[in-house]
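Think of it as A, B, C and D in the order they're written, each chain with its own count starting at 1.
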């Protein structure tokens, strides 16, 4: 199982699911109406490291984070 | 009479002389061995306003200042 | 050094402390950037969420980059609510020479705005409203959007 | 505001005072540049001569330029001797937005170095030696050199 967590303004509890790559996560989340809009604006981290490849492999215990548009300062 | 004053590192007392333009000042100062080197590195102000024209007219009481290379901060 | 404060950053104290910390490190230039909450659009303040693990690694990457130029960076940021006319942010660079410091503070602050995992909210009419229009997508955003 | 100090600039106090002065002026960005005397080339400190009338008019011209961008500038500088690891200079910009402040602090500091009527001396072996090699000719220099 991997955990998906939603950071900042995304008002959504974390999710656990079976996934062997980020692509599986993308397919799963795209069915979620609540996340419409967020998927195209969010960056992604796996275990707190930013990733940019949808083929990134996942193993049990991995943590995937969605980071919406930022504005510090 | 106009007054010529030497700022910063130029170790020289002020001078008074008759001059109707900056050009007169240039001719006068170029005869001064002590000022060799300074004339080509100095900028010039008349009555505390920077000037860049050698034809600048001078009248009695005017104050000409020589400003050597600067390094603030 | 990255410092987080619940509420406003104590600017005078933080600047003084940082200046003292590096007083004998032989840095010729010190440039802090201080960000203060402006009174605009009828807000009573701003509020911030921070995701610390990624903020720390973002900051550490910058600190390594600074070190290559002989410089050092410091940063302080607020969490939670920050009222009007108080400050939410200080970023600072110390470096031996001024050119490195002038260039680095600009790059650091701009990358901070584009990449640091911090989310801003307007405090308005008792509500906390995500500042979506002023926010920037992090590089690589949209990865999980399934192409149709 | 242009402030001159005999000896080192009191950095912590000056930054705190400036920050307080503009606390409710609704500037979103405050960037001071602090210059500190580095231990190098065996000097025991630096020393400065300032020609105040022209420094004031140089500063006033910059202040007017800043005002056009909705910004305000402050500057503090030392006169006379300044020991190692103390500071001789603070230049600061306050502006509503960060881009103006980041660009202006850089231009202001660079023009200061090239144009402000301040002369620097190394304090070394009990002597006060004009820092000729590190100095910059003001624009228009050489006017009085008679062409042969």
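The criterion applied here is as follows: a residue touches a chain if its C-beta (ideal position, glycine included) is under 8 Å from a C-beta of that chain, and two chains touch if they have at least 3 such contacts.
These numbers were taken from a predicted model, which means no experiment stands behind them.
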Most remote chain, CA-based centroid, reference being subunit D: A
Centre distance in Å when subunit A and subunit B are each reduced to the mean of their C-alpha atoms: 71
Subunit B-subunit C separation of Cα centroids, rounded to whole Å: 49
Interchain centroid distance [CA atoms averaged], subunit A/subunit C, Å: 24
Per-residue multi-chain contacts in subunit C, two or more chains: 35, 98, 109, 113
Junction residues of subunit A, two or more chains touched: 73
Pairs of chains found to touch, sorted by chain label: A-C, B-D, C-D
Partner subunit B, residues of subunit D touching it in the complex: 35, 48-49, 51, 53-54, 57, 77, 88-89, 109, 112-121, 130-132, 134-146
Footprint of subunit C on subunit D - complex, ascending: 11-12, 15-16, 19-20, 23-24, 26-40, 85, 96, 98, 101-102, 105-106, 109-110, 113
Contact footprint of subunit C on subunit A as seen in their complex: 7-9, 22, 25-27, 29-30, 39-45, 48-54, 65-73
